[in-house]
Amino acid sequence: MLIDLILILPLTSILLSLLFRWSVVLGATLAFFNLALLIFGIVLAFNIETTGPVTAIDATFYADSLSSFMVIVIGLISFLSSLFSIRFSIKELAKNQSTLLEISRYTLLTQIFIFTMLFAVVSSSVAMIWVAVEATTIATTFLVGFRKNKKALEASWKYIIICSVGVGLAFVGTLFFYFASAHIGGPISSSRPVSLDWTFLIKNSKKLNPQIIKFGFGFILLGYGTKTGLAPMHSWLPDAHSQAPAPVSALMSGVLITVAFYTILRFKAITDIAVGRWFSQDLLIAVGLLSLLLATSLLITQKEIKRMLAYHSIEHMALIALGAAAGSEIAIAAVLLHILGHGLVKAILFIASGEMLITEGSTEIAKLKSLLTHKPLLGGIFGVGLLALLGLPPFSLFTSEFAMMKSEISVGLGWVVGISLVLMAVIFGVVVSHARHILVGESSGRQTLKTSKLSNPIRASRLTTTPLVLGLILSAAIGVVSWPLQTLLLSAAKVISG
Amino acid sequence: MHLLFYSFLVGSIGSFASLVLTKKYRNKFASFCVVLEGLICSYESLSIISSGKTTTFNSNQLLPFFGIRLSLDPLSAYFILITSLLAIAVGIYQLGYIRHSTKAKTPTFIYPFFFTSMVLVPISNSVATFMASWEIMAITSILLVLTDHAKNNNSGHATQWYALMTHLGAASIFIGFLILSLGTKHQQFSSIVMSSSSLSTIEKSLAFFLLFIGFASKAGATPFHVWLPRAHPQAPSPVSAMMSGAMVNLGIYGIIKTGMTLIKVSEGWWWIVVIAIGTISAIYGALQCVTNSDIKKLLAYSTIDNVGLMIIGIGASGLLATAKDEKFALFMISGVLFQMLAHSIFKGLLFLSAGSIQYSTGSLNLDQLGGLLKKIPLTSTCLLIGAFSISALPPFSGFSSEWVLFEGLFRSILHLSGVNRLAVLFGLSGFALASGLTATAFVKTTGIGLLGVARSSHAETAKEVPPTMLFSTFLLALSCLVIGIVPGYFLKLTMKSSQLLFPAKKLSPNFKYGSIDLPNLATNIDPLLLLVLFTIALLMILLLLKAAIKRKVRITNSWGCGNEYSNSKTQYTATSFAEPLQRVFADVIRPDQDLVVSHVEESRFYVNNITYSNLSQDSIERFVYVPIKRAVTTWGKFASQMQNGSTHRYLSLGFIVLLIVILVLS
Amino acid sequence: MTVFSFTTSLLQLIFILACAPLLNGIMLKLKARAERRVGPPIFQTFFDLAKLFKKERLRSQNASIFSALAPVVLISSTVVVIIVSPILSTQELFKTSGDLFAIVFILLVGSLMIALLGLDPGTPFGGLGSSRAMTISSLSEPALLVSIVAISIQAKSTNLSTIVSANLSHPIWLVSPPHLLAIFALLIVIFAEAGRIPVDNPATHLELTMIYEAMILESSGEDLALIKLGEFMRFTLLLLIVANLFFPFGIDTQANWIQLILSSGISLIKLTILGSLVTLLEVTQAKLRLFRVPELLAGAFVLAVLAVISEFVA
Amino acid sequence: MKIVSMLNNIISKPVSKGFSKGRNSSSSQSPNRSVAFRHVDVGSCNACEIEISSAFGPVYDASRFGMSLVASPRHADGLLVTGVVTQNMYGPLMKTYEATPKPKIIIACGDCAINGGIFKDSYGVKGILSDVLEVSYSIPGCPPHPQQIVETFRNINR
Amino acid sequence: MTTNYFSMTYLFSGTVLVCAIIALWRKDIKAIIYSVAFHGVALGIVGFSEGLSRHDLALVQAGIETFILKGIVFPILIFRIFNRSGGQRDVEPLINTTASMLYTSLFIGIPFFSIGRLPYIASSPQSKLVPIGFATLLVGFYILITRRRIISQIVGLIIFENGISLIAFLLISGLPLLVELGESLDVLLVVIVLRVLAITIQSRIGNVDLAEMKELHD
């Protein structure tokens, strides 16, 4: 029942945004719906905690604690993003940068986007997950190209081409899983594809042919890895995330990539049982370290905030991949906590950067100066967000990174931790240096302040900053207080680590 | 233990109240809370030290996956004591200081958390708890360093260095702890202690050095110090005082904790390396301290110097412990702790006085100051007392503590053998050179800054600071004097605290009238007696002179060798004062000297203008860290070709990997 | 505190007060004779000091309280050291505080005061002097402390009285190579600290070559007298300490009154001999360039280190 | 070798002449045992300086009577002025005078200091010493004989 | 019967690959589009014949659906873009055609070499043909990384997707209906989106060479 509700909610949103043109009321309603989504997610999690996994519509949809966790993440970030969407839309209309039609279309696509992600996490069949993930690409292409200028179009072109190819490869991988499953007597081609069901696969994973699974998992990792932003097909990510409007970037960087990783996790669970943990471990380490190296190298000379944040997403996905490589229950729990923490903080940062675009007119590092001096709250949010992103306590990323690395060492991957710590230190230095350029400083900041005072300054809106501050507090809270998240994380991790 | 929690609560109330309260009450209330927190903490720590008991606190409700583990023992209580004492003084000082320095709420909001985290670090009893409090300490201090960023462009740079170095340090500590905890299969420090002997030598050495590097970088030991002389001067003075006086100690705490408790059985050669690092820090810090002209920068370097001394002491103590001479190991480590106490107090005093000078003159550059003793006598007196303490002049605290340190090193030389003895001798030489250089540096600071004539309008118009600031500095100055005069009582305290490290051995000290008299040392000092003798001598001489000679003093111009154009510009400056030493140690300091002579157009024999510049930069920063930075940037530029915008290139990467997948995985 | 130790301390004070100017006179006389001059009478320094006490006192308008305080502090700190050091007898006042490290740092108080005095009036030459003096002082510190260690090793104590008594009971220690090396290093340091040739020329008139003189260019009258007296006392004290370390015989160890009186006489002889040796050295040596001084002090440091090492080889 | 010759010097008779120790001075008062001068050259041709330095040399050895030249007027009992007072040295001379503690003795050493000598009234000359300061003693001669200089020193009384 | 159907499958699978290679070979855009159309038709026939051979109605449906979608709808959609853009011939690819053909022959061999080693592949004659699907996929991918015009990129992507479909048909005789529908819908939407995007790009930026589209870089 809850699953139905969770799917009906965004469907209603889609319907609403189809029927009505955008207005503040519609925006607020959608935000409220997304909040409801978050609440339903939490309720669902509690439900599952007490009664076990739930299914809906003839087991087409299935939710265990992992799914419910992902629903919470999606709900949370969607809520933040839709709140900022209101501010974004008002500004767009006020500045005559977009027409009402465009905004309405944007709202519709965003809601579809949210729906497809939800669909992905509550689908019982791995093939349907694929369909949903591919659908996210379609829904977001126009969102990436929202500006319709040269850069935006280029980004959306790259985005759809690279992601289609990648996700196509993931489909090949799915086919091989299906192939393996079919050979152990899973029913083929009936109207309800039981043999592609997650529950069926995990139950029978011991019997699956390891070589085919290996082959399939390679494709899965390459394919969904593309969507997650892992090497080698990560290249679309900085372009798309930087060109999309801030609320969409928040959604993409905050949840979309982790939804893709969620899929990898599911397949990993099957592969681990069928082949043995070493296999996915080796692959994930290779991919993770490569991505981390790429993210680090490319962060060094960043000139634009949103691109910087996008590379940061690659870094965190790489960390998550390394954490998943460790594979123990704590490691997976930490990975999930990291998914939540990263999503939250990254969404906050993207929204803050959107606010910067509104108030400062640019997100280029060179053009932004001494934000802390003349916009203390926005600058403070951005700065604290960056600190959180860099894995400093009390924010949850610290806890999750700590736990992931600890588990990595405990399965004998000390060298991985060593390398990643060195790379992360470089990232730390680079990001701090960028942050210094953006946030800190004196003289020029004062000049900007003066000039902006003359020409009707745009102040950061409370509508934006209040949820962001609350989000940061939440991020700190989940990093400090165990209850009640830890139980959920551990039971969700059990789904993967067995 | 619970008292500590209440104190944290008080601090948090203060900090949150500062967000809500109006400007008028904000500082007062926040400072009040900090002082109260400090008082509670110092009371609790004193009672723990005197009872010698250990209390613990565990909870799984906090910190997901790990839970928090706390344990308060006399050693950690000692560190808390130092921190709280300094925090009290700084809390009072801030009442006057903050009012003019910044209008923002952030510092008042963060400061209690900074303090709290510094209390949490020594009582952390598990890897995760420790790392969390360590990082919170780092982050709060980073934010505090940034306080004045709007007025001062350098603070951003400083913060950047600090953040990066502290992060590297934390990473090193993190790996070190993980090696320990995985080798022993324990999370909790108290359990690691029990089973650390099960580790192999390589594991132990690796863990030790990773931890040592991490902690040494927090303590500011060369060559991991580069952040310190940048961050400490850029922070507001109360924060610098806390950082130099208290936060640095926690680095020392980490080293002691690692080498003497966590890893029970240590190897001798570790400590030789430790002594080497300590010696280098001491000498390098002192040298840079001499050559710098910015008061706070100079103080920051002297922190490095003092930390070096403490590390030498720790090394010697470690060597003694490995040589099973635990009695003197205990004495040595007590000396280190005593030096730490003294250092915290006088460095706090010096930084706060520097803050007062900045407050009243607006400058910290010695070359712009001068004549302050007449303009702001009270603040200057405090600075003088701090300078005398740090120069180890009797009867101030530095003298007593360095005496204990010296005696400890002397005993180590006597009781060790072979290369260990040589190492300690090396350390002692470094100690000696550093103490000589420090005296020079502080003659420079006080002589150039406080005496002579004002070198700029800044110093000309100096006014005395508000009474709260004065009160705080006087409090610290008085503490310097008290610690110096009756060191016995304080040494007893440190011995009680460090007893934990060597529980088997007991020294039977005889601390009559606060003097230090240990039967094993065959020597003693009694600063109180010396002070009394000195005072009597002084008074008698003055009386004699007064009785014998009754001439008035005639005030004239200074004798400048008949020079008719002498003014404040012809005085010696801090830079020129340090020039001989800079020249002697040019190979280490590597100053950038530049002499530009421009001639009049008509003839090259007529000089128009001579410009001389003498910049001494941190040579370790220049020759170690800057090349690394450059290499990273070069790599980044090179790597950015990867992302050149070509869709084809992006796809072809995937294509190649796809082919590999098909080939390899089938 | 006994009557004897109190008397000893007092006697030591009087002895040094009397001998310090005398020693200077003797050295001046000897120096003059070495140049085949008649030279001033050996009591010349007394005359000079007495005259200075009578002269007018001038003070710079820039000067602070330091100018008044420094001479007195210099003398008082020296007096404290005289009282607690074993010069005529190893019986200590209050049985405490004759520690070598402490002595070094109490004397440092005086040096620092004079260095600050140099900076006080804000003249270029005062700064020059104090900069140079502090440079030399800080560079001589390692040699000083390490030679203290070397001297203390055999007695296993840094207490001067203990060392002297121990040396007296083991005369063979006195001629051991480590001891000699250490004493030699110590002597170099004392030359540097007291501003004698080859480190500094006390008789120079040229400001640019000055080290110690430059700091007191501004002092006059009674201030100057006190400073000069203080410096003579310090020099005498240091020579006596070295004398007692190198050749402790004659010093009282048993709280014997007669021995105490004898000891004064013997000390005077020791002082004269040492002073003459110093003079000879001063007459035959040229003053080093300022930037050669670090080499000399480094040499002293190496000697001291060698002393410590050879102590353990033996 | 150096040390041996030094020792030889010490033992052998000093070369000083002209005065023997303890010989009476021209004054009836007890001789002044300690006098220190700051030497100021206000415009001398340096002949006087040569004679002054030989007055402190082995032969005339003024130091045996407690005389000395010092580096700072603060340490001195008076000024030993040579040469005619030039425009440029007038200021420094006055500063030096001011810097000398009382009681001050001003000695004009050589003819130029006393009456201007051959430089009298020439370009750049301010005047003679007695124009600007009260001269206590004069040592005539161009240049004066070292013996004369030492004699004058010995005759100084308080 | 079954063998007949199989030989049909065999024949048309080969046709799928050959059409893909023709698309890679030719530069005449019209010819490329026709070959893609024929490519789609052949794919549909493969599905259809497989369905008949296995008496699987769903598969037959899928075959027909593929036939319509990939044989008819896609070519029409591409033709629309083509008509708007003009320009008969493709620009010179990043790697010239001769070299491309050589490389293609190389990496077409890879799947035949490696896929065959997987277990169960040899269990049925159809699944033995799976390497053909992989080869098609790779050719499509190769077109994507060498061709510089928007239209040829779309063609490449379609060939790539068709390769996947072929793998699906041959490996496990098609997918469950729901998945199949979802997949087809996705691919259709992707192509539509690409078309809209292509038209937008053409109208906003002009007839661009994708290799020149490098605005976004570090």
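What to note about this one:
Per-chain residue numbering starts at 1, and chain names A, B, C, D and E are given in the order in which the chains are listed.
The rule is short, and it goes like this: a residue touches a chain if its C-beta (ideal position, glycine included) is under 8 Å from a C-beta of that chain, and two chains touch if they have at least 3 such contacts.
Please read these numbers as outputs of a predicted model, since none were measured by experiment.
Path length between chain B and chain D in the chain contact graph, taken as the least number of steps between touching chains: 1. With contact taken as defined at the outset, chain B and chain E are each touched by A. Of all chains present, the one whose mean CA position sits nearest the global mean of protein CA atoms is B.
Distance from the centre of chain C peaks at E, each centre being the average of the chain's Cα atoms. The chain pair sharing the most C-beta contacts is B-C. When chain centres are defined as mean Cα coordinates, E lies farthest from chain D.
Chain C has its Cα centroid 77 Å from the Cα centroid of chain A.
In this assembly, the C-alpha centroid of chain A lies 95 Å from the C-alpha centroid of chain D.
If you average the Cα atoms of chain C and of chain E, the two centres end up 99 Å apart. For the pair chain A and chain E, the distance between C-alpha centroids works out to 31 Å. Shared interface positions of chain C, defined as residues touching 2 or more other chains, are 56-58, 207, 217-218, 221. Multi-chain contact residues, meaning those touching two or more other chains, occur in chain E at positions 118, 141, 144, 210, 213, 215-216, 218.
Those residues of chain D in touch with two or more other chains are numbered 72, 74, 99, 101-102. Contact annotation for chain pairs lists A-B, A-E, B-C, B-D, B-E, C-D, with touch applied as defined. Residues of chain B touching chain C in their complex: 290, 370-371, 373-374, 388, 391-394, 399, 402-403, 406-407, 410, 413-414, 417, 421-422, 425, 428-429, 431-433, 435-437, 439-440, 443-444, 446-448, 450-453, 515, 517, 521-526, 529-530, 533-534, 537-538, 541-542, 545, 548-549, 551-561, 566, 568, 570-573, 576-581, 583-584.
The touching residues of chain B, when paired with chain D in their complex, are 554, 556-557, 559-560, 562-564. Across the complex, chain C meets chain D through its residues 30, 32-41, 44, 47-48, 50-51, 55-58, 204-207, 210, 213, 217-221, 224, 280, 283-284. Chain B makes touch with chain E in their complex at residues 640, 642-648, 651-652, 654-655, 658-659, 662-663, 666. Per the touch definition, chain A reaches chain E in the complex via residues 60, 125, 127-128, 130-131, 134-135, 137-138, 141-142, 145, 148-151, 153-158, 160-161, 164-165, 168, 171-172, 175-176, 178-180, 182-183, 188-193, 196, 209, 211-212, 215, 238-239, 242-243, 298, 301-303, 307.
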